[in-house]
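Handing you a structure now.
As written, the chain order gives the labels A, B, C, D and E, with residue 1 at the start of each chain.
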Amino acid sequence: METFVQQVLAGIATGGIYACMALAVVMIYQAIHHLNFAQGEMAMFSTFIAWQLLQWGIPYWLAFGLTVMISLAGGFILERTVFKPIENAPVLSHIVVFIALFAIFNSLAGFIWDFTIKPFPSPFGSAALFGEGLIGAHQAGMIVITLVVLLLLFAFFRYTRIGLAMRAAAANPESARLVGIRVGTMTGLGWGMASAIGSVAGILIAPMVFLEPNMMLSILLYGFAGAVLGGLTSPGGAVFGGFTVGVVENLAGTYIPVVGAELKLPIALFLIVAVLVFRPTGLFGHRVIQRV
Amino acid sequence: MTVGEENVSVTTPAQRAAAARTLSPGTALSLLLLAVMVLCPFFISGFQVFQLNLMLIYAIAIMGLNLLTGFNGQFSLGHGAFYAIGAYTAAILMDQFGVSYYWTLPAAGVICFVSGFLFGLPALRLEGVYLALATFALAVATPQMLKLSIFEHWTGGVQGIVILKPDAPFGLPLSQDQWLYFFTLAIGLLLYWAARNIVASRSGRALMAIRDNPLAARSMGINVALYKSLAFGVSAFFTGIAGSLGAIVIQFVAPDSFTFVLSVALLVGLVVGGVGWLPGALAGGAFIVFVPNIAEEISKGLSGAMYGVMLILLIYLMPTGAGGLIRTVSDRLRRR
Amino acid sequence: MSASLSVRGLEASYGAFKVLHGLDFEIAEGSVTTLLGANGAGKTTTLRALCGMIRRSGTIEFDGRSIARMKTEDIVRLGIAHVPEGRGTFTSLTVEENLQLGAMTRRGGDNIAQDIDRIYSFFPRLKERAAQQAGTLSGGEQQMLAIGRALMLRPRLMLLDEPSFGLAPLIVRELFAILADIRANMGVSMLLVEQNATMALELADQAYLIETGSIALSGSAAEIRDNDSVRNSYLGY
Amino acid sequence: MRNGRSIDFALACAGGRRARIPHQRQVGFQKARSGDSGCRPAGVRGDAGVNAFAQAQDRQPLLSVRDIAVHFGGIKALDGVSFGLERGQILGLIGPNGAGKTTLFNCLSRLYTPTSGDILFAGATLLDRPAHRVAESGIGRTFQNLATFSRLSVRDNIRIGAHSASNSDIASDALRLPWVRRNEAEIDGVVDELIDYLELARVADMPASGLPFGTLKRVELARALASKPTLLLLDEPAGGLNHDEITELGERIRKIRDDRNVTILLVEHHMNLVMAISDIVVVLNFGRKISEGSPATVQADPEVIRAYLGDGK
Amino acid sequence: AAAQDPGVTDTTVKIGNIQPYSGPASAYSQIAKTSVAYVNMINETGGVCGRQVEFISYDDGYSPPKTVEQARKLVESDEVFLIFNSLGTPTNSAIHKYMNAKQVPQLFVATGASKWGDPDNFPWTMGWQPNYVAEARIYARYILDTKPDGKIGVLYQNDDYGKDYLNGLKDALGDKADEMIVSEQPYEVADPTVDSQVINIKAAGADVFVNITTPKFAAQAIKKAAEIGWQPLHILNSVSNSVGSVLKPAGFENAKEIISANYGKDPQDPQWADDEGMKKWHAFMDKYYPDGDKTSSFTVYGYGVTQTLEKVLKASCDDFTRAGVMKSAANMQDMTTDTALPGITMNTSEGDFYPIEQMQLMKFNGERWELFGDVIDGSAATN
C-alpha cells in the first residue's frame, strides 16, 4: 500500500514532465495538424540556451524570460524559413524535414555543449514537500506552472480570434486565405508558441533529469502519448494524459509480474493504444464527423 | 459533348502519344539499370557488393512500407518492428533449428504477414497522428520486447544471435557477398513484380480507393476494414522478408539493431524515393545506406547535422521524392 | 464612373494545361456582372484567378489598384469576398465559428454579433445549427453558410461561384432577393457565376459568355438574354 | 479449388453481362447475380442476397422504406418516413435543404444506421448488411458532393465501381493468376462499355482531380453503373449543369432506366428535371414526408408550395 | 622489406576505429576524439617503430549492422592494420566472428563484457578495461565482508552491461544471493528517470544499494536517494564514478559515503594534482585536445587505452605484423599507463586476454574519492 502511494506520487511527479511536453504537442498540433518530431530537440536546445545564459551570470527569471522569447522568435523564423519552400509539399515530406531538424538540433547541441550531463538549477529548490520528497518543491512548482500554461493555452484557443484563425488555418488553409487569414504567419506563430512552451517544459524538466543533448529523446514520446491519450485538440486532456501516463507507467512497472519491470514503457503505450481503439480521438478530444 | 471536354480532349491524345514516347525510354532505362545491377558485383570490392546488398534489402523493406503508406494511405513509423521480426525469425530458425537460409524467407514473410494483419486490426480505428503514435510506440517497444528475459532462450536476449553466412550453391564461382547479392536481387525483383501486380489489380485499386475516399470506397462494396488490415499484412510481409535477408547478410541480430531509428530510416527512405512510386524504393535504400557515410565524411562531430541538412536540401530539390522529380521532368520533356 | 474591377488579358493554367486565354471584362461600381458558360468553360478558374488562388497573368485592377500580384489574403483584405465552388466549409469548426471567420479581417470585434444575427435572419436553418460541427450540415445548408461567411466580410465586391448550387427553389429565390437587396442598399458589386441563367440575368447588369477560356459573347444582361444561342442552351425557351 | 470456382464465376458473370436482348435481360441478369454469389468466398455473402433475387421477380415493390427515423443527438434528420418504389420506376425525392434526403440515401447505402424503422430491398431487410455489402446486393449510388477517387484515372474510378461485381484475393492478384487476368478482362469489358455509354472516352485516362464538375458527375454515374445495380440512387446529379446539360441528363437517366432496367431514386432541386422524368415524387420536410404522388399532384400541393417550391411560379 | 600485412608500410601504419559519433550513445565519441589527439601526439614524437600512425575512425551510431559495414570498410577498403577500441558490446559482437575469420586484430574493445577474453575461440579479439563480472565480484566480496546480512537492492541497465554486472554479483554472492538480493530493478536507456525504480528498491527494504548505471542515471539515482532520505550502503559501478560528470551534477552532499572501485585516476581528484602521470595527461589535453572535456572520465580512458596501444605497438617493432602485435598484446608484463592508479598493472598471456583485472576500492568523502584497502584482483576475488 505504501509502495502504491509512493509510486503514484512519483508517477505524478514524472507525469508533470510529460504533461508539460504534452502541452507543447497540443499547441503544434492545433497549428499544423500534425506532430513535430523535432519538438523535443528544440526544447532541449532552448534549455541549453537558458543554461548558457545562466552560465553568463544572468539571473534565473530573466534568463527564463529571455529563453522563452528567443524560442518564440526562433520557432517562428524556423517555420518561415525552412518550411516556406515546401509549403505545398505533401505532409510526409514535412515529417521527413521534422526528422532532419531532429538530427540537426541533437548533433548541434552535442557539438556546442558536449554530451556530459549538466545540473540545471530549479527556482523552487529541491526541498521535500511531502511523500518523503517524492514530490519536492521543484515538482510542485513545475506542476503549478504547467497548469498556468494550460489555462493560457485554453483561453487562447477558446476566446481569442487569433486562436480561432490559427485553428482555421490548420484545418483548411485555402478557405482560411479566402477569409483573409495569413496562413503562413499563423503556422509560424503556432511553431513559435509551441517552441516557447517547449522551452518552458525543457527548463522545468532539466532539473529532474539533468541537461544533455538526449534529454528529450524519450520524453517527447511520453509527451505525444500523453497528448494523444488526452486528445490532441484539448489542452486539458493533454495535461491529464501526461499525468496518467506517468502514473500508469510506474504502476505497470511495479505491479505487473515477470515483464512489468522490463516493459514499463511498452505496457503504458499498449494501454494508451487500447484506449484509443475505443476512443479514437483520445479521452477528451472532440470527434470530427465525416459525412457525404 | 460539353466545352470542358473539348478542352481536355485537345490535350489527351497529345498526352497519350507522349506517354507512348516516354514509356520506351522508361523501360529502356530500367533495363539498363538492371543490367548495371547484375554486372557491377564483378567490378567492385566485396565490401561494396555488401553495401549494395544492404541497399537492396532496405529497398525491399521500403517497397513494403510504400504499399501501406503510399497506396493505402496508412502511415507507419513502426516498420522496423516487422523488419526485426523477419530478422529474428531467420536467425532463430537458422541458429536453433538449422533451417537453411532460403527457407527462412517464406517463414519470415508469413509470420510478418500475420503479425502485420493482427496489428492492422486495432490500427483500423486509428487515423493520421493517432496511427502514427501507435506505430511509433511499436517501434520503440520492439527492442525491449526482443530483450525480454522470458524469450531469452530463443532470442539470445541482449546478446543477440550470431549466424553463419551461406556460400554460393552448386559450386558457382561467386564469393559469399556476390552470391547473397544476386540472391537478394532475385528476391527483390520477384517482390517488385508482385507489388506491381497488386497495385494494378482489383485489390490494389481497393487499397487506393480507401486512400482517396474511404466512405465512397465502402459504398463501392470495398470491405475497408479487411483491406486496411491486408495492407498492413502485405506490407509487413515485404518488410519481414527484407528483415530476414538483412539478418543473413549481417550474420547477426541483436535488440540494438532494431531501434526506432530503423523505422524512421525506412520512412525517410520511402519519402526520398517517392511515396506511391514503387521503383523509388531503390533511391530510398541508397539514401539509407550511403547518405550517413557522406555526412560523416563531411564532418564527424556534426555528422547528424550534416545528415539533416542534406535531407532538407534533398526535399527542397524534390518535394515529392525521386518519383515526383522524375514525373515532373518527363512532363517537361513531353511539353517540348 | 470608376470601374470597380477591370480585367485585361487574364490568363491562367493548371500546370501544363492552359485554361484561360486572355479574358477582358469590367465590373462597374455597385453593379452585378454575370459569367455564363458550360461546365468546364473556365468560370471557376476565372474567379480563382481573380483572388490569386492560382497562378495567373494579365492586369487585374480593383479601384484602379493592381491586384494581379497580390496574395489571396491581401486581396480579401481589400474587401473582396469569394463564395468558392465546393463551399470551402471549415468542416471541423462550428457553424458560428465559420461565420466569425468571415469577419476575421474586419478590425475591431464591434458589431460582428449583429451581422451574425443578420445572416441567421437570412438563413434561419443556420441559427438552428449554430453550435453544430459545420461538416455535418447538409449540402444546401453548407451553401448557405458559405454565402453567409462571405457576407460577414462586409465586402465591396463579391465573387459568387454558383451560389444557388444545391439550394432549394424557395431558398434560391430568397437568395437572389438578398443579393439584390445588398447590392441596392450597400452598393456591393458582384461577379456572379450561375447556372440558373434566368435568375442570374434578371439580377445582372452586364453579362459575359465564356467558352473554353475565352469570352465568346458580352453585353448588357438584356442583350444577352435575347441572344438565341444563349436562349437555347442556358434559358431553354 | 478456389480458382476453379472463380472461373465458373467469370463464365457465369460473362453470361449475365452479355445478355442484351430485352426479354432475356431479366434472366441473364439473375444468372450474373447468382453467378457471382456462387464465386464469392464462403461467408462473405449471407442468405439475404440470394432470397432477394428469388423473391425479386414476383414480390413488389423493389424498395420499401418503412417508417425510418435517424436522430443525431437532438436533431431529427429523418422522423418516420415510409414509401415504396417499384421496379423500373423513377422516384423523385425532393424537399427543402436539410429535409433529410441525403440522410435517407445514406441509410440506403448503410453509411448511417436508422434509429428506428426498416428498409426492405427486394423483400429482404438491408439493415443486416454492412455498408460494403450493399453494392453487391444491387444498390448503386452517386454522391451529392463529389466523392470520386481523385488521384486515380477516370477509368480506374469506374473499375472500382465494378469491385462488388467481381472477385479476387490479394495473393492471386499478386501472382496475377490466369483467372485473375480473366476477371480483369471481364471488368475492362464492362468499363469500356460504360465509358462509351457516358461519353467519357476523352477523359478516360486522366486523373479525376481537376476535371469539370459535370464530367465528374458523369464519372460517378458510370462508377455506380459498373456494379450492375438494380436500384440507382442519384443525389443531385444536375448540380452545376446548365439548362442544356440538364435536359441532356434527363434523357440519359431515362435511357439508363430503359435499357439497363434500373430502378432510380432521384434527389434533385431542379424542378423541371424532377417533374419531367419522375413517375412519382416524394416530398420531405424536417425529416417527415409531407406529400407523395404524381409530379402534377405534388406540384399543386399547397403544403409543398409553402415549404419548398414557393409561389413565385 | 619482407611481405607486410595490410595497412603497414615502412613509414606508416593504419589503425581503424569505430565509435558512435551520432545517436543516443554519442557521448562516448569523446574517447575516439581523445585517441585521435593522442595519435597526433605519437606522430609528432616520431610515431611507432619509425612509422607514422594513420588513425581512421568511423561512426556506427551504436547500431550493429552499421558496425559491420564500417568494420568491413576499414578492413577491406581502407585495409587497416587492426581495429582498435571499437565501442559497445552488441556492436563488437556483430563483428566478432568477422574479425577473427579475417584474422584482423580487434584490439582493446571498449566494453567490459566478459566475453572478450576468449583466446581459444577468438585469438584476434582482446578487451582492455576490467570486465564487469570481475568488478562485480569485488563489490560482492566487499559486501560480504562489511554487511554479511545486508539486504541488497540492485538498479541495473537492462542490457548486456547491466546483466553482466548483475550475474557477476550473483555468482560471487553464491548461494547467499537469493536471500540477500531483495530487489532487482532494470531500467531502459530510454527511461527519462529512474525514480520509480529507486523507490521500489527502498520499499523492498534494501540497506545496500548496488547502482549499476551509466552516468546520467547514476546521477539521477544518487540525487533521488538523497531526496527521499534513503541512506543505504551505496555501491556505484566504476562506469559512473567520475567526480566531474556524475557526482558533481548529483550534488557532492548527496554523494557522500558512496563506495566504488577504480583502476584509473580521476582528473577532478585533487590528490593527483601533482601526480606525474596526470600532469602528462593535463599537458596532453592542453596541447592536443584543448576543447576536450577535462572533467569527463572518457578523456582519461581514451588516453589510457591509446597509450596501451602505443606501448603494445612499440613492443612489436621487430615483428610488425598482425600476428606479431597480437603476440605482444598477449604478453604484457606489469605494464602501466599514466592514468592508471598506482599499483594497477596490465598482465596478459596466451591464456589470459584480460589486460586490466585489478581495481581498488574507494569511498567518496564529499569532495573526492579516498582509496582504501589494497589493490584487488577481480579475477581472483572469489577464490
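Observations on the model:
By our rule, contacts are C-beta pairs under 8 Å (C-beta built on N, C-alpha and C of every residue); 3 or more make two chains touch, one makes a residue touch a chain.
Chain-to-protein mapping (UniProt): A, B = Branched-chain amino acid ABC transporter permease; C, D = ABC transporter ATP-binding protein.
Fair warning: this is a prediction, and the values are worked out from it, not measured in the lab.
With steps allowed only between chains in touch, the distance from subunit C over to subunit E comes to 2. Among the remaining chains, those touching subunit B and also subunit E are A. Summarising the inter-chain layout, the chain whose CA centre lies farthest from the centre of subunit B is C. For subunit A, the chain with the farthest CA centroid is D. Between the interfaces A-E and A-C, more contacting C-beta pairs are found at A-E.
Subunit C and subunit D have CA centres that are 33 Å apart. Centres computed as Cα averages put subunit A at a distance of 49 Å from subunit D.
With centres defined as mean CA coordinates, subunit D is found 39 Å away from subunit B. Multi-chain contact residues of subunit E (touching two or more other chains) are listed as 22, 26, 29, 158, 188, 190.
The set of subunit B residues touching two or more other chains comprises 2, 4-5, 8, 140, 144, 147, 215-216, 301, 303-304, 307. Residue positions 103, 107, 110, 221, 262, 265, 290-292 of subunit A are each in touch with at least two other chains. Across the interface of their complex, subunit B is touched by residues 21-23, 26, 29, 57-59, 61-66, 68-69, 72-73, 75-77, 88-91, 93-94, 96-98, 158-160, 163, 188, 190 of subunit E. For subunit B in complex with subunit E, the touching residues are 45-48, 50-51, 54, 140, 144, 147, 157-160, 162, 246, 250-252, 254-257, 259, 261-262, 289, 292, 296, 300-301, 303-304, 307. Residue ranges of subunit C in contact with subunit D, taken from their complex: 14, 36-40, 85-86, 125, 132, 136-141, 143-144, 162, 165-173, 195, 197, 232-236. Residue ranges of subunit C in contact with subunit A, taken from their complex: 51, 53, 71-73, 76-77, 82, 84, 88-93, 97, 100-102, 104-105, 109, 133, 135-136, 149, 153. Here subunit B touches subunit D in the complex through residues 1-2, 4-5, 8-9, 12, 15-16, 194-195, 197-198, 201-206, 208-209, 211-213, 215-224, 230, 234, going by the rule given at the top.
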